[in-house]
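Contents: one structure, followed by commentary.
Going by the order they are written in, the chains are A, B, C, D, E and F; count residues from 1 in each one.
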Amino acid sequence: MADILDLAATNLLSPVILSFVLGLAAALGRSDLSVPEAAAKALSIYLLFAIGFKGGAAVAANGLDGTLVATLVAGFVLSAILPFIAFLLLQVLTNLSRVDAAAVAGHYGSISIVTFVAASSVLEGRAISSEGYMVAVAAVMEAPAILSALWLVSTGGSGRRMDSELMREILLNGSIVLLVGSFFIGAITGDDGLEAISSFIVAPFTGVLCLFLLDMGLVAGRGLRESRGVLNMGAVAFGIAMPIIGSFIGLGAALIVGLSPGGVALLMVLSASASYIAVPAAMRVALPEANPSVYLTLSLGVTFPFNLTIGIPLYVAVSQAVTGG
Amino acid sequence: MQTHHAKRVVITIEAIMQKRLTDTLEGAGVTGYSILPVLGGSGRSGAWSREGQISRASGMVQVVCIIREERLDGLLEAAFEVVDKHIGVVTITDVEVLRAERF
Amino acid sequence: MQTHHAKRVVITIEAIMQKRLTDTLEGAGVTGYSILPVLGGSGRSGAWSREGQISRASGMVQVVCIIREERLDGLLEAAFEVVDKHIGVVTITDVEVLRAERF
Amino acid sequence: MQTHHAKRVVITIEAIMQKRLTDTLEGAGVTGYSILPVLGGSGRSGAWSREGQISRASGMVQVVCIIREERLDGLLEAAFEVVDKHIGVVTITDVEVLRAERF
Amino acid sequence: MADILDLAATNLLSPVILSFVLGLAAALGRSDLSVPEAAAKALSIYLLFAIGFKGGAAVAANGLDGTLVATLVAGFVLSAILPFIAFLLLQVLTNLSRVDAAAVAGHYGSISIVTFVAASSVLEGRAISSEGYMVAVAAVMEAPAILSALWLVSTGGSGRRMDSELMREILLNGSIVLLVGSFFIGAITGDDGLEAISSFIVAPFTGVLCLFLLDMGLVAGRGLRESRGVLNMGAVAFGIAMPIIGSFIGLGAALIVGLSPGGVALLMVLSASASYIAVPAAMRVALPEANPSVYLTLSLGVTFPFNLTIGIPLYVAVSQAVTGG
Amino acid sequence: MADILDLAATNLLSPVILSFVLGLAAALGRSDLSVPEAAAKALSIYLLFAIGFKGGAAVAANGLDGTLVATLVAGFVLSAILPFIAFLLLQVLTNLSRVDAAAVAGHYGSISIVTFVAASSVLEGRAISSEGYMVAVAAVMEAPAILSALWLVSTGGSGRRMDSELMREILLNGSIVLLVGSFFIGAITGDDGLEAISSFIVAPFTGVLCLFLLDMGLVAGRGLRESRGVLNMGAVAFGIAMPIIGSFIGLGAALIVGLSPGGVALLMVLSASASYIAVPAAMRVALPEANPSVYLTLSLGVTFPFNLTIGIPLYVAVSQAVTGG
């Protein structure tokens, strides 16, 4: 327990988290501070490229152990199943319409790559190593949840929502392609490749993450401000309970698969995190009648800050305690 | 100078639906359009601004078509099919164009 | 298809005045508008371009409102109050809109 | 409110020709215009989008002029000279403007 | 004297200043070289974040001495008083209207954060240390001058200009929030935080500053080209005399407060520099009838290049001579 | 030969080339991955600034040898003459109209600075040094080819195309100004300057190049996809044969001038590469009736990838073999 608090404190007082808090505060205080759209997108390209590449290079350095396939499967299953649990929880805690609840549920099965990146950098800071292929697991977990969400709606009787074009868009969305692509580049070029570009993707990484989270704080804060009143207490409770539940389901899966302590923590983080890029985009196309304020505010305004500040140290501490790592 | 009657149709729609819309328009025989960015706005679903977005889902664009009057109905029907369930505004204005041979 | 008469008001104004303008419009009962970026231009106060600016003070935007004819005067008066001392151009066009139930 | 008749001319043209066009317009006595970005489009020469461009040659812009009716022909002739061999669309709409003293 | 010339020469032939000169020359020669708006804004976010953070980390490392509050007060007073001096000087040297003169005066009471950044990097290059909290002083000096300028106009009889909305906008403008916020992040996370992100905010800093000043040169050059004829000789004389006068008033204040040689130089620089971001924005709202070409051309086209090339080495040399530092 | 294959393999499996391949694959697979326009432009500003500066600093370190002027002249002549050879080859291999053929020919006389940058970084990786002033040669080779192309058209009877305004635009286009300007900054500030900003322009250079080539891959891929059917086999053959021919003419010139092995390779690369920035822009103004899909697809979709993957290692190996370097 003391360990968790200590970890939480270290985490909360890191430049990365404080940058997020600064952005949040600036937006809530209605400052006109803003990061240009193009710059924010450039930062996210950098982060995806760096995290994918480093994962691939780690795989090249350590080789693949037998758990790779099992972990990918676990990720796929987690992503597909978590929406059902989220849907049930939403029906208990909120009075969202079936469509809105399904849309929200889809977000919680999928993942937030920024939460993953932040967790990786916490692990790194504490010198806890993890399986390099976890970034591939992250990629695998993006999409299945979307199908589950649409299935939840269609059993409610609204007909086909998914066409092959949308399917292609989801599977080939920019983040997945970049993450997986740079993972392979890292795996192919290995240590030599990493050395060639490490002063670009390793050394300044944490600093870039600060600026990115500054922007995320601004976005989350503006979202919260604009959608005041959209969420009632039940919804907020869901936004905090669901990641914890998800993380424990992820913990179970990780233990079955047999990941390292760092890998366990990351699978917990992936299960706990909620998408706010890929899934909202798919939902606008497939479920235009679902209210974007609801799922964006929950995912970005409640669960993302929770995971960033309290969730990540919690999951890391639990994984350390459970695995004895 | 010699000008010709035509219609200017402006469809304000979510960026993520842009490709679906223009594909549909092309299917309906529309041969030319331009896409303009929209920085932000407000409507029944509240206010938004591009700077506060992290997702390609949330921006909007304007698709502008200059079209001969006789093709207008085809265009509107095709557009309506896409816009129907989605947020978005469709307006039509009379315009004169130079170089009608291009339409 | 069934269309409805409306007015399209375009207000070209300094970006820094945008929030004041849209707040005023909302106060005057305008429920929808879109903001378009302006890259540059020229007028009585000379030429400018967004690329040559370092300050949020100097860009311009277009605020576009589609509005029922009967609400036009209210809008124009509200807009004029803000635009009056500032540089900016206000134009009004007749348009047809689909889905008038939205206005 | 008191409004005045005018014309709104929109010229969609390659970004690289923008300066040549606006210089020509100024030569023809046009005193005001605004430049709007175009993100992409499609026409006789196929589809394009700004994100797929690496070259300043390939984007397009809209040059928008609000102008008194009596100066329209001068403007169109000047514009046509530049637009003639280049890709581009020219449209003219009737508008009402506030504050005509500015034109 | 030889020292000043030497310092000026070193300064003039640094990559930072030459990048500015390149931008200026390109713009005056009507090259189409340009830095995209979003990139320029991203660069300025980087610079503000880095300079704020480093200031805060310096405070964390060295502790606060008793001069902090005194210096903040001095900054506030300087910012409030300098516009009156500028206004008088403008009435002697130019025939600007009362409104235009007041608007210009407001710019010279406020500060240019880029000039401050450039001066800091000159000090660093010469290993002259300064009080870390000078960035907080910079933030304090942004706004008071605006009130003085509006007061100058309203005594001329034009009624109320300032509303609470504008006040909030000025105090919470993006630059101030980011500068002060990152200052606190640096102060809270201290040496650990600095170490975590120093390969982002320290190592590449000077290089980023080069690109930023390239853009500033382009902007200043285009401004000069487009507003040819806006300024007469009197106005140009003001644009060079005022920073020198300001720097000496700043010198007096700094000596009273008892700053270190580096701190003295920085307070001189702040007093000498003129705003071209915060104040123009406020003036467009509050004094729309003032001519922006006048105040932007003076501040950005005359005073900024003067300070960058001649002013900074001059102020540093004077502060060295006076404090014996 | 084994050497060439080895070099080609090392090159093909570098992060830089694989990033290009990733972009190409993403675009051909119609992923929505994209780099914002402003970010791409910012990256290219960085690359031009860095490569120019390093060239200048190298000249400052090694002094100028007598070959500078001769190489500049050689570059000028190559750029002016290569379009005629390209034009003849196009008439043999394709049935393009005279205007289209002339436009394409102009592209192949001029140069691609990104190809030059990629080649420089290959040389660096193999520790082969080259004349620092080769960036100045690159700048000189941008424009003459445009005049040759217009001359080719006008002898076909279409009248004057070139006005002084266009001339100015070509000579002062942003890339040339930035490249030459930063070259001079590097030459003036020398080793001190390089040291001050090397953690910005040297250390992260290869990494930035990766992201830039990711974007180039996306652009080239989209171009290829959209202009399917524009090029027949003859045109594609030209797009591969012409750089090889060009490189050998460049080789001849380099040997006459007496460049170092690295310099020989770079002049071969410059001669082999085709413009896709400066020349297309000039052609849209001067030859609006030429079809941009033809010249852009050839230059960017065929010749650029060819040079990047196979051409560069080939030219380097040939130059090593010939000069015994």
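Here is the rule we go by: contacts are C-beta pairs under 8 Å (C-beta built on N, C-alpha and C of every residue); 3 or more make two chains touch, one makes a residue touch a chain.
Fair warning: this is a prediction, and the values are worked out from it, not measured in the lab.
Steps from chain C to chain E, taking the shortest chain of touch contacts, total 1. Simply put, of A-E and A-B, more C-beta pairs touch at A-E.
Under half of the residue numbers at the interface between copies chain E and chain F are found on both sides, making the touching surfaces mostly different. Centroids built from CA atoms put chain D at 19 Å from chain B.
Each chain gets one centre point, the mean of its Cα atoms, and the points for chain A and chain C are 39 Å apart.
For chain C, residues that reach two or more other chains under the stated contact definition are 36-37, 56, 93-94. Residues of chain A found to touch two or more other chains are 32, 34-39, 42, 174, 199, 203-204.
Chain pairs that touch one another: A-B, A-E, A-F, B-C, B-D, C-D, C-E, D-F, E-F. Residues of chain E touching chain F in their complex: 13-15, 18-19, 22, 25-26, 29-39, 42, 125, 199, 203-208, 210-211, 214.
Put simply, chain F touches chain D in their complex at residues 34-37, 40, 165, 215-216, 218-219, 222-223, 226-227, 276-277, 280-281, 283-285, 288-289, 291-293, 296, 300. Considering their complex, residues 36-39, 41-42, 45-46, 49, 53, 168-169, 172-174, 177-178, 181-182, 184-185, 188-189, 193, 196-197, 199-201, 203-204 of chain F touch chain E. Residues of chain B that touch chain A in their complex: 14, 16-17, 20, 45-48, 50-58, 85-87.
Touching chain B in their complex are the following residues of chain C: 1, 3, 6, 8, 22, 26, 31-37, 61, 66, 93-99, 102.
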